[in-house]
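Note that subunit A is present in both complexes that follow, paired respectively with subunit B and with subunit C.
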Partner chain A sequence: MRSLFLLLIGSILLASCASINSVSLTPIPANRKTQVRTEKSKIILLGFNFDNDFVDEAVSDLTRQCPNGQVTGLLTKDENINYFLYFVWKKQITATGFCVPVAASTTSTKTKSRKAASNEGTHNSISESEL
Partner chain B sequence: MLRAFALRCAFIFALFSTGCTHSIHIANVSDFAPTYKEYSKGELVKAKSEQFAVMGFVTETNYVDNAYKKLMASCPNGTIQGITTQYSTSHGFLSWTNIIEMQGLCIR
Partner chain C sequence: MQKFFYLPFLLLVCSCAQLHHVQLGEIMSHPDYVQKPFDIKISESGINLGEAADVSKILLRKDRHSDVDNLAGWIGLFQIGPRTGNPVYVKDYAKNLIHLIYEKCPSGKVTGLMSVRESRKYPVISGEIVKVTGYCLIRKGS
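Take a look at the complex of A and B:
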């Protein structure tokens, strides 16, 4: 009888209700061979939360999974999982996407265009200061 | 008297059991990278997924992943760009339906 009561209490305390806060999706590539995924969460008690640094961990985790490529087709879910009477809840970020290798030619073109852009920027800043 | 009461109850039940309000929470548009092709050059692909919730008692949000998978399946060998993601809710009596709709341009 006692174990049944404990089981009932445990079930009530551990039962959760999930809800979505936001969803976003970036362009999905044709090359979907390498999937990357990260899930980061934080338990919050009675709403006392002083930072949202767990989100940054998701970004660094994705970067680690795809060091030499481009992460795209990224589905990002921000959800709340609420426990007993909303006293405790879990904020969870789930990001799923694909790691696409960046071709060397594309990289060199990008580097060139970045250099050109930075030169333009310098030129513009000089012009502005002259004005 | 009893019949009038039953009619009133039926009217109220009919009123509240229909999904009469709809709320959109998020509309997100991705960019048209990497091809930036014209809209007429691609094929419009759509995916939709739903979750029925009674008083919010749902334990997972896998319907979002299902919509994502459906969208990818509708354009197996192409790039999907300019993706619009909509998250909305249709309300009923003490229950509601969460809806995710995704649509994008499939470039093969």
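Take a look at the complex of A and C:
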């Protein structure tokens, strides 16, 4: 009986409600072989939060996972996870995307810029269009 | 006892940070370029009408409390709608953000752009902040 009671209390305390603040998405690449992901979160107790610096590492984390390429098709999800009666909540940022190697992205850009140049009769520098 | 003298001051000065929105842009790493980080922060004061009314009630006589509520209610009617943080009275405060990015990165080759919308909450007022961090791509050797 006691363990059942503890289980009940535990499940009430640990059960959480998730709500989403915002979602953003960047253009999705054709080459979706390598996925990159980062998740940054912070536990906030009774609403006392003095900085939001936990999000700052997200970009460098993704750059580390894709050192010589372009992270694109980036889905950023900003959500709140609320635990028992809002005493504790978690702010969580999840970013998932695809790492497109520089060579691959350059090739696709080359093809694109050639097509564009042939269609419009203009010349695009590859290095300018790729960045 | 002297320690308690500073307590109200500390309560007024310390702020709570509230995160409203985060967005990441595409990230480019290229062996021919170095990434120079930059950071832009724009802030404007927001006012919490409810808290302002509560403070006014402390300062005013009891028979004027209903006037304060009415006034706060009337102003509040003009501030209905979806928003993040407290209302600000300078609507274009984040307008020049794009120019500030160009100032930080004149080449315009910007990557890893992260925009953060957050608030710093103090009693009655708040700092309504837009923060943008990113990397400026600079060609090696230039």
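Criterion: the second predicted complex is superposed on the first by the 103 of 131 C-alpha atoms of A that agree within 3 Å, B and C clash if a C-alpha of one lies under 4 Å from a C-alpha of the other, contacts with A are read in each partner's own complex, and residues count from 1 in each chain.
Basically, contacts are C-beta pairs under 8 Å (C-beta built on N, C-alpha and C of every residue); 3 or more make two chains touch, one makes a residue touch a chain.
The structure presented is a predicted model; accordingly, all values stated were derived computationally and were not measured.
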>> With the two structures overlaid on subunit A, would subunit B and subunit C clash, or do they fit side by side?
In response: fit
>> With both complexes overlaid on chain A, does A:22 touch subunit B (first), subunit C (second), both or neither?
In response: both
> What is the contact status of A:79 with respect to subunit B (first) and subunit C (second): first, second, both, or neither?
Replying inline: first
>> Applying the document's definition of touch, where does A:96 land relative to subunit B and subunit C: first, second, both, or neither?
In response: first
>> Under the stated touch criterion, which partner chain does A:35 make contact with: subunit B (first), subunit C (second), both, or neither?
In response: neither
>> Quick check for you: in the superposed arrangement, does A:71 touch first (subunit B), second (subunit C), both or neither?
In response: second
>> After superposing on the shared chain, does subunit C or subunit B touch more subunit A residues?
In response: C
> Once the shared chain is lined up, is A:55 touching subunit B (first), subunit C (second), both, or neither of them?
Replying inline: second
> Looking at the overlay, does A:63 come into contact with subunit B only (first), subunit C only (second), both, or neither?
Replying inline: second
> Between subunit B and subunit C, what is the shortest CA distance in the superposition, whole Å?
Replying inline: 8
> Which residues would you name on subunit A as touching subunit B in one complex and subunit C in the other?
Replying inline: 22, 24, 26-27
> Once bound in the complex, which stretches of subunit A touch subunit C?
Replying inline: 21-22, 24, 26-27, 47-52, 55-56, 58-59, 62-63, 66-72, 74, 76, 78, 91, 93, 95, 102, 131
> What residues on subunit C touch subunit A, complex-wise?
Replying inline: 14-31, 33, 35, 109, 111-112, 114, 116, 118, 133-135, 137
> Where on subunit B is subunit A touching in the complex?
Replying inline: 25-26, 28, 30-34, 56-61, 64-65, 68, 71-72, 75, 77-83, 85, 87, 98, 100, 102, 104
> Which part of subunit A faces subunit B closely enough to touch in the complex?
Replying inline: 15-20, 22-30, 32, 73, 75, 77, 79, 96
